[in-house]
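You will see two complexes here that share chain A, one where it goes with chain B and one where it goes with chain C.
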Partner chain A sequence: MALRTEELMLNMGPQHPSTHGVLRLIVTLDGENIVDVQPDIGYLHSSVEKMMEHRTYVQNVALVDRGMDYLIALNNEEVYCLAVERLAGIQPPERARYIRVIFSELNRIASHLVWLGTWAIDLGATTVFLWCFREREMILDLFEKVTGGRLHHVYFRIGGVYADLPEGWVEECGAFLDYFLPRVDEYDKLLTENPIFLARTRGVGKISRADVIAMGASGPVGRASGVAYDVRKAAPYEVYDRMEFEVPVLEEGDCFARYLVRLAEMRQAVRIIRQALRDLPGGEIRTRVPMTMKAPRGEAYVHTESPRGDLGIHIVSDGAETPYRVKIRAPSFSNLYALTEMMKGWKVADVIAILGSIDIVLSDVDR
Partner chain B sequence: MSTGFVAGPGSTGGEPPPRRSQIAPIAEAVAILDNIPGGGLILTTVEAALNWGRASSIWPLTFGLACCAIEMMAAYASRFDLDRMGAIPRATPRQADLIIVAGRATIKIAPIVRRLWEQMAEPKYVISMGSCATCGGPFYYDNYSILKGIDQVIPVDVYVPGCPPRPEALIEGILKLQEQIKREPILRQQAAAVLRGA
Partner chain C sequence: MLRRKVTVKYPLERLDVSNRFHGLLALPIDPETGIDRCIICFQCERICPDRCIHIEAEGKGKERVLTRFDIEMDKCCYCGYCVEVCPTEAIVFVPHYEASTYHRGRLLYDLQDLRRAAPKEPIARGIVGGGPR
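After this line comes the complex of A and B, so read on.
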């Protein structure tokens, strides 16, 4: 006689040390196997899109830092400024565009370091967390010297950047890159051949290329499943079309592949920053834009490659000082969609490994 | 062993300080004992000793909401090393003494923060980290989803300003909380309660 078993509903979060924010997962379990996962979001909804309708275009730069993905403030500022510039037909000077590339790539490294550190700590490797934050502090120091802030900068402005690089900063940044590249090899050595890490990640949480495309997942999650799509290559913005870099793509689609893609991205970011530092032109850093600028009637959509994926912003203007409507296309939201597919069939112990591997920031999901 | 003890701040509340002639013999005794190998003397009140222990091992709950949580993580990590203050993060509210509300709290998460605070064992403390947790911060106006300050839900002991506060600011907040804990009349309050009951 077969024993009757029941499925178990397990609630994980919103307070859980490994949910990377306030995410609630409702996991349906059959014994130890995951049958279904339903994310419950909205715990960090900041209503930033609505708030932006009540603030002028210039004021909104400070809001996208905090209201959108808080780990990548500079990338948020970049996509917002690009959208407003496209809407109003403003052309930032050449030097500002190079500076923007340098800063958004530095922010990409900082964001990946936070991801690597926290994910490794979820998987039981505490050392990686301390190492990653050691290097991240150096990047924040570089930021601080120019922007005055560690996390929220309000550095990119409509029509350029706020301040020029201080004397000696370019050399300092170059020295940091020389220091940083061997550190990536260290993380590599610490994790890539670590049997425990391999057992927890290799082959775990697979998602196919077709599923990734169907769910709209982008960024490292997509590239780890063989989707060779990077906005910096597909629709170059700023000066990425002048940069030489590779887009790391892997076919496996598991947690380990997502890890390898991000590690390779850090190396590529270093490569891009070096080129930008080398080619950095002189001249103006900002086109003059009135504090109460009005954008002409119309709409603009700009998307960029944020550290989590395809980050887009759609601004509709009715000709006033404030946007009529702002819509943010958040990469983490689509990546979270793919989570259910990744987790089905795996054991309950793999939930943390898979969740961490998609690098989700709840502020980006909820906005 | 040279301890050179003075009674903790907790024991002096309200009363005038003792005259020098009254404390001199004790100081002499301490000096004599200190010179004996293996000697040494600590004089204190139980209350001050308990408070010293409690203040030096505040265990915060691992609970981050938004941007401030990243700075909180940085405070725990390599450069700032909050562990040296005795603050070791705990993953469950049952083991935690302190909840650092790091980041904006939405109306949806507010009851959960309240529940977490209720689950913590007494004595418990709250640090409100950053403008959002303190008053709603940049999300104060034109906003329908953010709670205008976590003190509407749970009582706050220390407010740390900033958007986000630097890790140094959070460490300062924890030091302020330690000062506050060291002054607490925990035993005198109990004694007063007994006296009232009797």
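After this line comes the complex of A and C, so read on.
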């Protein structure tokens, strides 16, 4: 008589140190093998879209900072300001647009550092975590000198940025980039040829190009599976059309490819910031927009390349001081739904490696 | 390995913050008049995204005096809009950031608290000099 076996349902989360927020994964296991994974979301729902309907266009800049993805506050502010500017036909000055590019790329590096550090510590590599956070701290210090905040800045304004760069900041930022680029090579050396790291990531959590497109996954997750799509190239905003940079694309679609894509993105971000610092024009940093601005009746959709992927905001205005409706297209949400495909067939020990590799932030998923 | 340790022994020593740092809010006293600079225009109350500023005044014209200026620091999101809109730089950020208390009620800063919080020497008044308002 054969032994009877049955599938086991395992709850991972909602409080689990490696979910980077509060996410519950319902993992169905056959022995050690994953049969199915269902993400259960909603634990970090902050209702930011509804709250934005009750605040004016200017006040909402403070809200998108924390209501959406809290690690990339400046990228959130950027997409929101771009959407309102398109809606109201406001043209920010040249200098402000360069400053925005510098800050959103710095924020991209900071976000990728958090991802790399926390993912590496999930996989057991403590050194990378400490080194990544050391460099991230320098970026936060650079932010603090300009915006006054470290994570939540409220620095971008509709029609420009709030304050000009202080004296010496450009040189300081350049010095940081010179310091930072060799550090990326160090992370590379620590991980890329590390046999333990390779065993846990190479070939693990594969997802095909067709699946990525079907799930709407974007950003590094898509680019690691061969989807050569980057909003900065496909639909350039700000001054990205003047910047020279490459979009790293790999075909493998596994955790290791996603890691390599993000590592290459950090190098490209350094390249973009260097160009922006070099070409930074003088002049005004802010178009005059009243604090009680009203947007004309209509709607606008703007999408940008956030560190997690294609981040979009759709604003509908009925001509009042507050938006009529705001819809946020969150990249983490779509990326999370590619997770089920990635996990099928892997062992329970790979859950953490695969979940970490898509770089979700739960406040972005739930909004 | 032989480098100096970088750890800051936090409660005993502190890191310097930048002069644009969004710390706690304060109403500094104008040394010329001996009173704060608030002209009771209610702009900060109106712009606050969290609606955490409450202002009341009495009297008319030049006699008008501030009777209430409360900031609910537990609601405040440190966005700095109040500092930005203030026409007289009456409300400012101070570099102080340790606001934790044992009682929630103590996070309601009234006029006296806000005046007391202001440092004696001049401080960076939020972010100024940033082009046109």
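The definition used in the following text is that the second predicted complex is superposed on the first by the 366 of 367 C-alpha atoms of A that agree within 3 Å, B and C clash if a C-alpha of one lies under 4 Å from a C-alpha of the other, contacts with A are read in each partner's own complex, and residues count from 1 in each chain.
Note that a residue touches a chain if its C-beta (ideal position, glycine included) is under 8 Å from a C-beta of that chain, and two chains touch if they have at least 3 such contacts.
Treat the numbers as computed from the prediction; the structure is a model and nothing was measured.
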Between chain B (first) and chain C (second), which does A:152 come into contact with in this model arrangement: first, second, both, or neither? both
If you stack the two complexes on chain A, which partner ends up touching A:133: first (chain B), second (chain C), both, or neither? first
More residues of chain A are touched by which chain, chain B or chain C? B
Figure out whether A:284 sits in contact with chain B (first) or chain C (second), or with both, or with neither. second
Determine, under the contact definition given at the top, whether A:66 touches first (chain B), second (chain C), both, or neither. both
Can you list the residues of chain A that touch chain B in one structure and chain C in the other? 55, 62-63, 66, 152
In the complex, chain B touches chain A at residues 61-67, 69-71, 73-74, 77-79, 91, 93, 103-104, 106, 108-109, 112, 116, 138-139, 141-146, 163-164, 166
Touching chain B in the complex: which residues of chain A? 14-15, 17, 21-22, 42-47, 50-51, 53-55, 62-63, 66-67, 70-71, 114, 117-118, 129-131, 133-134, 136-137, 140, 150-152, 363
Which positions of chain C touch chain A when the two form their complex? 17-18, 20-22, 43, 47-49, 77-81, 84-85, 93, 126-133
Which positions of chain A touch chain C when the two form their complex? 55, 58-63, 65-66, 141, 144-149, 152, 154, 160-164, 166, 284-286, 288, 291
